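Next up: some structures, all given as structure tokens.
Across the two complexes that follow, chain A remains constant while its partner is chain B and subsequently chain C.
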Partner chain A sequence: MRSFSHKTPALLVKIILLGALNAFTFWAVPILLSHKTWFFAAYFVISTILIDYVFLNSKRIAGKYIVPGVILLLLFQVYPALFTGYIAFTNYSTGHFLDKESAIEVMVSNSYELVNDDAIYSMQIAKDRLSGEIALIIRDKDGSFLAAKKSGTSKIPTSAITPGSDGKVSAVEGFKLLSDAELMSIIEQFNDFYVPAGGNQFFRVADFNAVEKVQPVLAYDKAKDQITNISTGVTYRPDKNGSMVSADGEEIEPGWTTTVGWRNFTKVATDQRYRGPMGLVLAWTFSYAALVVLSTFFFGLVLALVLNHPRLKLRRVYRSLLIVPYAMPSVLSLLVWAGMFNEEFGVINRMLHTSIPWLSDQWMAKVAVLIVQLWAGTPYMFLISTGAIQALPSEIVEAAAVDGASPQKVFWNIKLPLVLMTLTPLLIASYAYNFSNFGAIYLLTGGGPTIISSGGIAGHTDILISYTYKLAFMSGKGNDYGLASAVSFFNFLLVASISIYSFRKSRTMENMI
Partner chain B sequence: MTRKVVLVQQKKMTFGKWLKTMSWRHLVAFITIAFALFPLFWMASASFDPLGIVSSQKLIPDHPGLDNFRTLFNDPDHPYLIWFRNSIVISGVNAILQMFIGATAAYALSRFRFKGRKTTLMTILIIQMFPQLLAATSIFLMLAELGKSIPFLALGNSIALIIVFAGGALGINAWMLKGFYDTIPSEIDESAKIDGASHSQIYFRIILPLARPVLAVIVLLSFIGTMNEFLLTSVILGGKQNSLTLAVGMQQYIDGQYKQHWGPFTAGALIASVPVVILFMFLQKYVVSGLTAGSTKG
Partner chain C sequence: MNKKRLGIASAAIAAAVAISGFVAPAQAAGSNLVIWTDSDRAKGLKEASAAWAAKNGVTLTVVVKDFGKVRDEMITAGPKGLGPDILIAPHDWVGGLAASGALERVSLTNRSAFPRTALDGFTYRGILYGIPYNVENIALVYNTKLVSSAPKTLAEMESTWATLKAAGTAKVGIDVQTGNPYMNTPLFTALGGYVFGGKANHPNPRNVGLYSAKFAKNASKIDKWFASGFLNKNSDWTYTNFYAGKAPYAIMGPWNLEDLHKSGMASSYAIAGVPGGYPWIGANGFMVSKYAPNKFLAKSYIANVVTDVTFQYTLYKSTLKMPALLAAAAKVDNQDLLAMSAYRDSSGAMPMWNIPQMASVWTDWGNAWQTVADGKSTAAAAFKLAAANVKKLVS
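So, the complex of A and B:
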């Protein structure tokens, strides 16, 4: 008889974990809010309240087991999925990372220019003796002096100045002039040191001895939602792509993130740079996954039939050795295969005494991918086929034999259909898996050889997922997350259709819920 | 009894009959095994070939030595041992977390009848169709945003990677484990309940111990799965050499450098593969039963 009494340690663990969670939320939420990360702040607060409620309420038993997992699932799987759907309809990409407000701020602040050609003033850097603030002691064009702090400028009476030798001042009342050594230690502070100088003009530190009087050339008019270049008079208006554009089509960097409707999708279907490659990639994705499943299943089943003879000696040893490819870490085995297929010095060409361009010819690269997947995938098919064959109800097979059916007939008409029926869900799952098996492609061929019309992004062995990865993270012209998400979303639709079809077909659902 | 019968039958087989029914089976097995093991052999042979040159490598090196291993361990630009440690830690923590989250949720789904249970099951199933790796882009952007506020959820941090994987745990394991729990007779829990056991005691002291073999398989498969994960790991951990896992580090090490790094690379691949393969061999029986569980149930 077990005793079910000691509750104290469990209670202690519960209190510690809940305490840690609440402490984390109290710490994280203000920081999230200060970064305007509203969604995550709200999510953390709601999740914490929910968990507290569930764990402090003795009636919510099921919730205790399932809520924590669901919270993680929603945040790291559902939200990214939905977010992918959203990004697919935006222009989120290099040059369009900011929201509109910040982008306009950056445009304006990037456009500072000298007010006029000689708007350079000699200057010395000092510290306010009272407040410790940094102050720029600027000699104005008329010979008077200004103290410029980040908050603004003020005149310094001539009486407070002790002139030095080389046109510099040697002391200022109320301020401590800083030596070069002192300046070097605070040098970073001057990267972004602007002092308002009246109107929309600013003093900007040029070096340790000079400031420039600058003003932005671009001015943003909020009411008209347009930017005007003050010196040329050109106006820029927002276009549909999240950029400020002049009538001549001149763009100001950077743009901002905005929704662009179906443009990412239509781009894939109509833009020359994507349409051709996309068609090739799509065709290869479908046929690659199908060929892999068919070939591995065929060989796996044949092997299972051949080796599943009750009187075959060494059967277990054979089985153990055959599944080694399945046990080996796939990333490493793929990289080893890539070395073996190497055209110049790979073992395969050397053994065959050939110089087959395994990885640089589009057809040979496809063959190489399929050979490697045959190697990697057959053990799995062998295992599940063996399992299915051994699970065949022996009565049916024996009954058929008693009725006088030949072994061939028993195999083709009874065994094979039964095996296929049990394995269909696994085969469809395997198809869906191969459909997005990134590593199988990326680690072996890198997707190559390149499809020339794709601008170097897509390759002949790229499947949708590896194409997505390249669009998002590796294209030379910057990363197009919007387009990548559109392709990803499309990939999802395909995989989901396959899976739903499979569940319909195999009807495994009803009796499992 | 049965063994005796088999022995009698085996004695009866003549050499002629063996040649006809068995010999070709052995032949097929030999050929396939040769194909299956060749890459492993080639990798092992390269790792002991001190020349470390891919173009002159022979199946059995003329002067085997450990030079490649020394090179591998002493390359400051490619800290193999640190990658190895990272892989073990990340995969280990993740395997246990994934198992625990899945096992816990599956208990509720199998044993309690609560509002929204069917919806949860269906939702999990549908969500599973959108694997995390398809959302790599948005996970990347999401962590870039979160990392500004919460340092341990920033890109390049392995805790962020582990938590992201933990988010996928429910989708992967809950269904499989629920299926297993359903096979444990509920009379067991009920009699424990009569003895005064609380729900958590039933879970931790009865259900979990009974599910130990399945949980072991899930831990093993998640461990290997995480070791092998490439896409999300490379997106999240990025280019910081010291935070990489073996999968990403070794890929960067060998990518485009087959000529220079082949020897040390194979040495590293050998060290990383052998323990996994051996572990797999030991747990073979359980893994196989886990794989076929799905098919025999439908």
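So, the complex of A and C:
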């Protein structure tokens, strides 16, 4: 029997990792179940079983490579995309966040009102000596005492009461008054403590020493699925938008989340407020991403060629300096740029002695956005171009030189096509990235200046993603996730098409060689 | 080592870790009150509630949240049981939170202890959702070296500006952040504009006054103000011109007072109102989450602590904003705050509307100011458009 082999450390790692995974699932699933998220609980269990099976089985070698990746792909890519698609078909927005049951519970429970302005009674909390049930010893307005339990109230004969010094009761026959410490240990029981007080009225614990007599204004009839206002008699019925609405259109809040079919999509397609700017925003999104990629690639390539010249001194210093914008957190640098572009106080206008309306004129704002992205994006292009140039096989370049090709010819006919072949997928990826580069727009111009004819939401420098954000958080009653999801699903389709095109394109480039 | 042993080993580890996981979260419920707030209020809060917490054996957990995100978290985390017991927030959040079912109704027996406007601010659709602890509003601040007395009319302010401009002493008339509709409200209302019709806590969203008949007559004044420099086209929050003595007037809130003193103007300013206009009243207060794990304790805290004079006065000491509780406000001797409150009371100011539709109003209203400042549109056209947009959104 071998007790130790070269395989043992790897095996140990495997045991620990698999054990950790199983432990994580054991720990997470009960929590998920307690939150009623059945889907994720099932997903975790199935994934764990699958991984255990694949990794404890010596035959499933292909599975060892594919399964973990697919599980993560489904969880972090496919699920969010589908979920966004689902939200696009709902009214998930301010006022419609809850499910129907909770929404109705909130409507009814928030409608409990004091029966009259002084319906507040002093009270002490006690326990029934026999049953151990909590009882409220309430002093009625006429000075008599009531014992109120969850089941109902009963009169306490005056003879059973021993009055205390400060208007309170110091003892009650059959009951044990609770001390502050005893109360504190059971305090959560009073969160929604209602005692029926006859008719439609209830005693509700308001404080450690007071109860309120309350009655609901709204009542829900489950069989008819309608809410009635008890004092006015008006009935409210659910409408298609997840709200309880009366015949004359009065709505009770909150509403609930419900599916609304294609409404969000038709809104984007037909409402002038959304459709109007959409064309402009799309056009700018495409041209913005293209201009950024082209300009940064051009500068990055030129810099890479220049700094690649063997006779240049201090190349390393220049290269390190060029990386700085790339290394800076964009959140910081964008805000600094926004300050520098300020029309009156900004450094740029002050140095140039001009008053260019950098951020308030639509064309200058676009120029400003492009300048900042040129500054921020060039180092990346410089890095990848340098890499591509240095990876060029020197024999080819030397062979061309031996054949008598001029440096220009070497560049245009040999270096550039080879570099492009390597970099095309990266350029297309960069295009897709800039297509949805939210921060670059939102932190610098906020999408502004506003497109006046659009009615306020879209701005001249808004790209699709920042426009979506504004739709979600700045329109109507507050947050409209349904509408924003409809637009972002559209955005997702565009980015996905660009990516598919990218894959196709790079394959054809490879085939050309 | 074979497969079987490997399986047993991982199962054993799994079991061990899982058991430790079940044992750990044994928490003491009942005596822990979680309050969400922003950093501005956190400091004084613990101090002010210390006596109550000690007496009742309650641990007060004050969680400092990102002001921009807390509203959404309240709505999404609350129903999952991850929210707080109490939220401290400005009153204009009440509509959005209540409409989303995130707030618990609160009862207040002694309503006359608070100014009506502050309670109106926390009332949404007839239900009170919070107890205010401070009220604030903006006011006109003037440089006493440039202006001898508080202005009585807008015309007087314009002529003061014209004289100072001609003499070369001032660069701008009123230093106020360009395009910020909140800060410009006293000017807007002085010209006859308003947002919604209706009374304090019963706004009528169908009556949009962003381009009211009276405002329509006066709108061209805004064009003139920007053209003459009475209003600056490009001011930010820093009050550079006012602090440098280059502007006779500024519009400021209580949060600017500290900077104002540091600016070297400590002895050369006075506080008044914008003639004919009124500011918004903003109130901050305590709300109980509908999903509070300790709802009863939270309500008890609000009823016993927040309505206490000493509590509100202690918070005033740490935040320097006018206490909402009248008895605590009576103890305030800060002359600047008193002058700001006097403007509020004399101008008939209203609490900022708390209905969720205000979100879109701010966007459209701010855009209107900004486009006029940028010279892209006349005030008449810009505010007419804003009014039309708001009408469309709230209908």
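By definition in this document, the second predicted complex is superposed on the first by the 292 of 513 C-alpha atoms of A that agree within 3 Å, B and C clash if a C-alpha of one lies under 4 Å from a C-alpha of the other, contacts with A are read in each partner's own complex, and residues count from 1 in each chain.
Quick note on the criterion: a contact is a pair of C-beta atoms (placed from the backbone, for glycine too) under 8 Å apart; a residue touches a chain by one contact, two chains touch by 3 or more.
No experiment lies behind these values; they were computed from the predicted model shown.
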| item | value |
| --- | --- |
| Which superposed partner A:I137 touches (first chain B, second chain C, both, neither) | neither |
| Which superposed partner A:A147 touches (first chain B, second chain C, both, neither) | neither |
| Touching partner for A:H35 - first (chain B), second (chain C), both, neither | both |
| Partner chain in contact with A:E344 - chain B first, chain C second, else both or neither | both |
| Superposed model, chain A: greater residue contact from chain B or chain C | B |
| Contacts of A:V195 with chain B and chain C, given as first, second, both or neither | neither |
| Touched partner set for A:T94, first chain B, second chain C, both or neither | second |
| Partner chain in contact with A:D180 - chain B first, chain C second, else both or neither | second |
| Touching partner for A:A368 - first (chain B), second (chain C), both, neither | neither |
| Overlap of chain C and chain B interfaces on chain A (superposed complexes) | 35, 342, 344-345 |
| Chain A-touching residues of chain B, taken from the complex the two chains share | 6, 9-10, 13, 21-22, 25-26, 28-29, 32-33, 35-37, 39-40, 42-43, 53-55, 57, 101-102, 104-105, 107-109, 112, 114, 117-118, 120-122, 124-127, 129-142, 145-146, 148-150, 163-164, 166-171, 174-175, 179, 192, 195-201, 203, 205, 224, 227-228, 230-231, 235, 246-247, 250-251, 254-255, 258-259, 262, 265-266, 269, 272-273, 276-277, 280-281, 284, 288, 291-292, 294-298 |
| List of chain A residues in touch with chain C within their complex | 8, 11, 14-16, 18-20, 22-23, 26-27, 30, 35, 52, 56-58, 94-98, 102-103, 106, 109-110, 112, 114, 120, 180-181, 184-188, 190-193, 205-208, 212, 253-255, 273, 342-345, 357, 360-361, 448-450, 452, 455-457, 474-479 |
| In the complex with chain A, residue positions of chain C that touch it | 1, 3, 6-7, 9-18, 21-22, 29-31, 56-58, 72, 75-76, 79-80, 96, 98-101, 103-105, 107, 109, 125, 127, 234, 236, 240, 290, 292-297, 299-300, 303-304, 356-357, 359-360, 363-364, 367, 370-371, 374, 376-377, 382, 385-386, 388-389, 392-393 |
| Contact set on chain A toward chain B in their complex | 1-2, 4, 7, 10, 28, 31-32, 34-35, 37, 40, 61-66, 68-70, 72-73, 75-81, 83-84, 87, 92, 303, 306-307, 309-314, 318, 320-333, 335-340, 342, 344-347, 350, 375, 378-380, 383-384, 387-388, 391, 422-423, 425-426, 432, 436, 438-439, 442-443, 446, 465, 468-469, 472-473, 481, 484-485, 488, 491-492, 495-496, 499-500, 503, 506-508, 512-513 |
